[in-house]
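Letters are used for the chains, namely A, B, C and D, taken in the order the chains are written, and counting of residues starts over at 1 for each.
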């Protein structure tokens, strides 16, 4: 079972990596910050699978923090994008 | 009993992994930022939900299960609202359109 | 090669990459970023030492792990101070500072 | 092993992106992704405590700080002419960096066998502290002096940031004012996430004695939630000349020092805890330290005062 969960975590990470390549090429900054979103969800999935595969229950706590802080980073981004809009006007 | 649970886990996790695949395909294929955001958040949140479901068959005790479910809920809540915010910045006029 | 060694090599390369960015990037914010990359590599080396020291029923030696936690907090404090200095400098001279002393 | 190799390649790829990306903003996004992947690496290295800290502080708050800074610096981003290095210097720098990386790699490969470890003495003394998490035991007892000095370092960094304020706004409000979002969306997000975040923070603090977690991780989450609330315009940072704020900032280190000196009287050494009260004393230190660190981290992100005091 552990091997299967580890493989699943690896697969999810690989999917995330493929998406990252697309995202980081842009063109817009909003595309880029999607990277944080994608990695947020994918990273949480990989963490949960990893935690179960390695019997590290604390991985769920890491996932919880990741979910919170990914949202925090995205809000910071949105504020930054807004600020430059205002500056330009 | 444990074999049944294992089979359920494998099925559910595989289905979840498939949705991550679908999300990535959408990300690679859709032409505009809003479309990509759409593909990404829907498919990946569903994929995460299925993976959480699969792991629920493995954990012991209600508190560990509750924690897993709350991770998924938090991701959904945060994802749904934050994606709105991001979509507005992706529009030409930014948030003050 | 075991897992710990693999991540140790990863940490070594990260230090090299970060050092390169720190030297060649003209923009101060990019230098701060590169500095944090070096930090990540150094912490990873500590993590490898901790993992190799697994004993007494622990997955890793807790002493280096605790040092990394302390290090992460101090690295953040240094980054915040550097960013504040940079923003103030830009505010003062009205444009991005350069590497040159006449800038 | 294949999983680890793939993860290591991803981490390195993100690091390369952070260095080579053309725009600063894209580089910062790469850095956030790098921190997130490092959190996975820490789980693989059996260090969940560090994974928590990396996810919250190394990736989360540092990412937010740098994203904010890159947004403010965007108008000044275009490089001045003649600023980039010549090709010769670049090659020399690359050679130096390859040399450093190769040296470190050689050290990693040649690490002594069997590996030295301090795990057994930590395990032997943990019971006396009443703690079941070895990393918390090291932070609060074995290397408590490090942790004490670290809280002081954070305060010094904050003093450094504050001292950058121009005279006319000294003692005023840190950072720019954040107005409430006209669409109400940001307000909604903050009202939704901040209470959840506070619960998660308290949870992480509380489990720290028996499971991965503890004061630094909890303080980081609390700080992130405060910053979120200020960004949404729900609350504003207090002016830095407020007395209660300054008491809050020094309370943690002060209590830590007080318990440390009391150790001389009670147990014969600085920061020694008398055995029956060890857990109680550690908790007495941890609560104010968590609150002080949370306030310090949030104000470090907010930056120097920019608006005159009321």
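As a working rule, a contact is a pair of C-beta atoms (placed from the backbone, for glycine too) under 8 Å apart; a residue touches a chain by one contact, two chains touch by 3 or more.
Just so you know, these numbers come straight off a predicted model, no measurement behind them.
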(Q) Counting hops between chains that touch, how far apart are subunit B and subunit C? (A) 2
**Q.** Chain located farthest away, centre of subunit C as origin (C-alpha)
**A.** B
Q. In terms of C-beta pairs in contact, which of C-D and B-D ranks higher?
A. C-D
Q | For subunit C paired with subunit D, centre-to-centre distance based on mean C-alpha positions, whole Å | A | 12
(Q) Need the CA-centroid distance for the pair subunit B / subunit D, whole Å please. (A) 28
**Q.** Chain centre separation (subunit A, subunit D; CA means) in Å
**A.** 19
Q: Check each residue of subunit C and list the ones that touch at least two other chains.
A: none
Q | Per-residue multi-chain contacts in subunit D, two or more chains | A | 44, 46, 49, 61, 70, 72, 186, 189, 193, 196
Q: Hunt down the residues of subunit A that sit against at least two other chains at once, touch-wise.
A: 29, 33, 40, 57, 64, 68, 70-71, 75, 77-78, 81
Q: State which pairs of chains touch, listing all of them.
A: A-B, A-D, B-D, C-D
Q. How about subunit D: which of its residues touch subunit C in the complex?
A. 1, 4-5, 8, 11-12, 15-16, 18-19, 24, 27-28, 31, 34-35, 38, 41-42, 44-47, 49-50, 53-54, 57-58, 61-62, 65-66, 69-70, 72-73, 76-77, 79-80, 83-85, 89-90, 93-94, 96-98, 100-102, 104-105, 107-109, 111, 115-120, 122-124, 134-135, 137-139, 142-143, 146-147, 150, 153-154, 157-158, 160-161, 164, 216, 293, 297, 300-301, 303-304
(Q) For a test of understanding, state which residues of subunit C touch subunit D in their complex under the given definition. (A) 3-21, 23-27, 29-30, 32-34, 36-37, 40, 43-45, 47-63, 65-70, 72-81, 83-88, 90, 95-96, 98-100, 103
Q. Where on subunit A does subunit B make contact in their complex?
A. 1, 4-5, 8, 11-12, 15-16, 18-19, 22-23, 28-31, 33-34, 37-38, 40-42, 44-45, 48-49, 52, 57, 60, 63-64, 67-68, 70-71, 74-75, 77-78, 81-82, 85-86
Q.
Looking at the complex, which residues from subunit B come into contact with subunit A?
A. 6, 9-10, 13-14, 16-17, 20-21, 23-24, 27-28, 33, 36-37, 40-41, 44-45, 47-48, 51-52, 55, 58-59, 64, 67-68, 70-71, 74-75, 78-79, 81-83, 85-90, 93-96
**Q.** Of subunit D, residues touching subunit A in the complex
**A.** 2-3, 6-7, 10, 13-14, 17, 21, 25-26, 29-30, 32-33, 36-37, 39-40, 43-44, 46, 48-49, 51-52, 55-56, 59-61, 63-64, 67-68, 70-72, 74-75, 178, 186, 189-190, 193, 196-197, 200, 203-204, 207, 211-213, 217, 221, 224, 227-228, 231-232
